[in-house]
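Below you'll find a set of structures to go through.
Each of the next two complexes has chain A plus one other chain: chain B in the first, chain C in the second.
Let's look at the complex of A and B:
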């Protein structure tokens, strides 16, 4: 009897110790991630904002592709519409930043609903084609519409005085990222997530189970549009000027690939991959030009194709070797941190 | 007006040619082939390197370009498509997007992002059709499109084509009667790459071309053409291609020139695609393959 109690106590103590250890590790990792923000100066605050915005975009694509199994190849259009909406609110109407962000999200969601209503009724990946065509239209028509976007000159999106410095703006981006993460977690762990999983695996079976297939696909796409619009609003204020050329259609392709590399339905994987590809174009040229020996075929003209090239190579490796992306590689660590028993 | 119509028809021939390849892959594999344009890109750049770079005769360039395209098709089939056969169509589409971007990046790295001019098959001035100057190259393109669309439609009536369709409908049952899924897959991707290569070789001399020219400007109208035609119909791809070309140019004429809407060509394609999916999702000539 006494020994049994002692064993039980020891198990309990070990569990408590394990929990404490895991919490410490999580806090240490978060602190490590926050170091550049605290010590890196304005440059790093700006970079972290960019990484957070990319992570929001990645999670937006994850909502559509990871949860609903559909693809958007024109996501830059939703981000762009959000960005121009936020810029319009800030510079033309002088509205506070919160209203601008809200308008950005609503604009993104509204566009997604209109397109989804047409494209998602049809079985198959027609959404990919429609969004692709829409992305080109947005790039050439909507973003060049002078009254809304200021034409080729771009639209200004000044920050309010409180958020003027990059150090003040970064926490806002991280806060939005946290909000989107919470949303994603709530989707997965409720009825919606299970319905979406059914739709993703087999639309016909899902509809026999009474799941409104088109409705759930549309809901996922409009949420994806909302999050993308929100990311666009943040981008507008991050850059403080929005131009049509920021939203070329190759950008959307890279975002889709980046999300798959991170691992569909893996929040941590998507965030890490997004942050990586957000910072790559900023750091790679400097890194390459500081090398003592330059490969002969590299020069300024080809620097901008290198990040897409790297994402594609990573995608092909990921699809062949570990289809779950970064998320799959990190699974042992995340499983331990969330306290699951190894089986 | 008449000039825009004629320009649209001949521009549409290129879309039709790409759409034929897209339809072929979709019929056989139920996959949207995003890499279709870059088969043409590879063919055009290889032919350019042979004809202009090395100064060899034109037919060597044509053969070399087509060989490069087919080789790329077979490599894509072996390295990307076949290993991913069992994964979802979503992942397959993402992988093919990856292939297209990879090819463009390789071309940029090897050849630099500069515009090039490829000599046409037949030199000489344009023919006047409805007030538009149409190059001999474009006339050849239209003729080749008609021949190839007819040939592909005929192909699906032959034993080999029926084998491809059978394998598409039920791979296992087709295997039981002796149709190898691997052989079908190789055949389909090889043929699609050949079609894409022909499209690239014929279109590159029409204007100047840059890395990614087939994917960035041609692929979206080509997909719209395939959807308009019904995604599984080869005559549909032909008609769809010409129709998209005409709609694009009418868009430029009415919206762009008269109402000064920027990007009228892209807007026309998008509007048509939305209309087709709204009114007739199965396309003009579409039926289950």
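Let's look at the complex of A and C:
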């Protein structure tokens, strides 16, 4: 009896110790991630904002592709419409930032629902083609509609005085990222996540279990569009000017690829991969051209086109070696941190 | 004393292009009955289920469930009225664990909206815990505790089949539509299923319509049997009468209907006992 109690106590102590250790590790990692923001100066604050915005976009694609199993190759349309809506609200109407972001989210959601209505009719490859065509069309039509977007000159999206500095703006981006992370977590922990998993895997089975397949597909599109629009609004104020060329197809492609490389349905994986691909074009060319030895025929211009290649190479490695993306590689660590027993 | 009809089908017509899959099919199931739907392969049994659940939209005919015309309701609305089904090739979602699958089947009685769940409103956390507890009970009833946290995709056929059945029950239905519940089971397991089905009917007041090839099981549990052949109703009646029906024998054996002596049971379960459906 006494021994049994002792064993139980020891298990409890170990667990509590394990919990303390895990919490410490999480705090240490967060602190490490916050270091550049605290010590890194304006450049790093700006980069962190960009990384957070990319992560929000990644989670938007994760909602649609990861949870609902629908593909979108036209995400630049949702993000871009959000960005132009926010810029329009800020520069033309002089609305406060909050209203601008709300308008960005609504605009993104509305656009995505329109595409969602198409997605109810076509799936797979055809949906990919439809979204691709929609994104390309949006670029040349909506984004060049002079009254709304300022045409080629672009639209200004000034920040309010309190958020004028990059150090003040970064927490806003991180806050939105936190909010989206919370939504994603609640989705997978409730009936919504299970219903979406059923829709993704077998629509017939889903419907006979009482899941409104049509409703959930549209909901996934609208939520994904809402998040993408929000990210667009943040991007507008991050850059303080929005131009049609910010939302070209290549960007949308990188977003989809980074989400896959990060690992569909893995929040941490998507965040890490998004941050990586957000920062790569900013840091890699400078880093390479600052190296003391430069290989022949290579120069800064070449370094600037490297990142897309790296994305593709990483995609191939991921698809070949670990289809679950970064999330799959990190699973042992995340399982330990979340306190799950390894079997 | 006749109990009321829970399911009633009138003149179902289903065509795929030039192929007449179901032709003027009518049947009815009374509350608390276990009814069998048998017939050779390709007779249209599963198509009939698909029309009942709304997956196929038949060209003609009407479906009444629980006193209302559900002919034009989408599948998920029919499910919410209390129609649950299992599938010949299993209705489990392979990417989810057994527990998640059972909780998925509880979708319609979760009691909170998708938006509330997403926002994490107060009641939803509590409700999720309740659903998880209910799921654990159902899982225990079916003896699936050992594999509760395994993905169903990684489990053997028999276990996934049991999971499918557990899911059908988890939705808290009035009526079960079972598509070959005994396929893939050994003869002993199939007869064991008879006990389970009766228990479901008596304890949970369920009504069951099942497609089945395993004839001893049909003879054992069914109150009434419909025989389908080439999309048409060949005959109907109590199991004992059906098994002596000359046309039934002919449909199954494909020969002329001339039973010279009272047959033992000519309808062989297709592919059983090691059968695949």
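Convention: the second predicted complex is superposed on the first by the 327 of 343 C-alpha atoms of A that agree within 3 Å, B and C clash if a C-alpha of one lies under 4 Å from a C-alpha of the other, contacts with A are read in each partner's own complex, and residues count from 1 in each chain.
We take it that contacts are C-beta pairs under 8 Å (C-beta built on N, C-alpha and C of every residue); 3 or more make two chains touch, one makes a residue touch a chain.
As the structure is a prediction and not an experimental result, all values here were calculated from the model.
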{"item": "Partners on chain A (chain B, chain C) - clash or fit", "value": "fit"}
{"item": "Partner chain(s) touched by A:65 [first = chain B, second = chain C, both, neither]", "value": "first"}
{"item": "Touched partner set for A:294, first chain B, second chain C, both or neither", "value": "neither"}
{"item": "Partner chain in contact with A:283 - chain B first, chain C second, else both or neither", "value": "neither"}
{"item": "Which superposed partner A:182 touches (first chain B, second chain C, both, neither)", "value": "second"}
{"item": "Contacts of A:192 with chain B and chain C, given as first, second, both or neither", "value": "second"}
{"item": "Contacts of A:213 with chain B and chain C, given as first, second, both or neither", "value": "second"}
{"item": "First (chain B), second (chain C), both or neither touched by A:323", "value": "first"}
{"item": "Partner chain(s) touched by A:140 [first = chain B, second = chain C, both, neither]", "value": "first"}
{"item": "Winner by number of chain A residues touched, once chain B and chain C are compared", "value": "B"}
{"item": "Nearest Cα pair across chain B and chain C, whole Å", "value": "11"}
{"item": "Of chain A, residues touching chain B in the complex", "value": "65, 69-71, 73, 115, 118-119, 121-122, 124-126, 128-130, 132-134, 136-137, 139-141, 144-145, 249-250, 253-254, 256-257, 260, 297, 301-302, 305-306, 308-309, 311-313, 315-316, 319-320, 323"}
{"item": "Residues of chain C that touch chain A when the two form their complex", "value": "53-55, 74-76, 79-80, 83-85, 87, 91-96, 100, 103-108, 110, 112, 114, 117-120, 124, 128, 131, 167, 171"}
{"item": "Chain A-touching residues of chain B, taken from the complex the two chains share", "value": "32, 79-80, 83-84, 87-91, 93-95, 97-98, 101-102, 104-106, 108-110, 112-113, 216, 220, 223-224, 227, 261-267, 269-270, 273-274, 277-278, 281"}
{"item": "Chain A residues within the chain C interface of the complex", "value": "182-183, 186-187, 189-192, 194-195, 197-198, 200-202, 204-214, 216, 219, 223"}
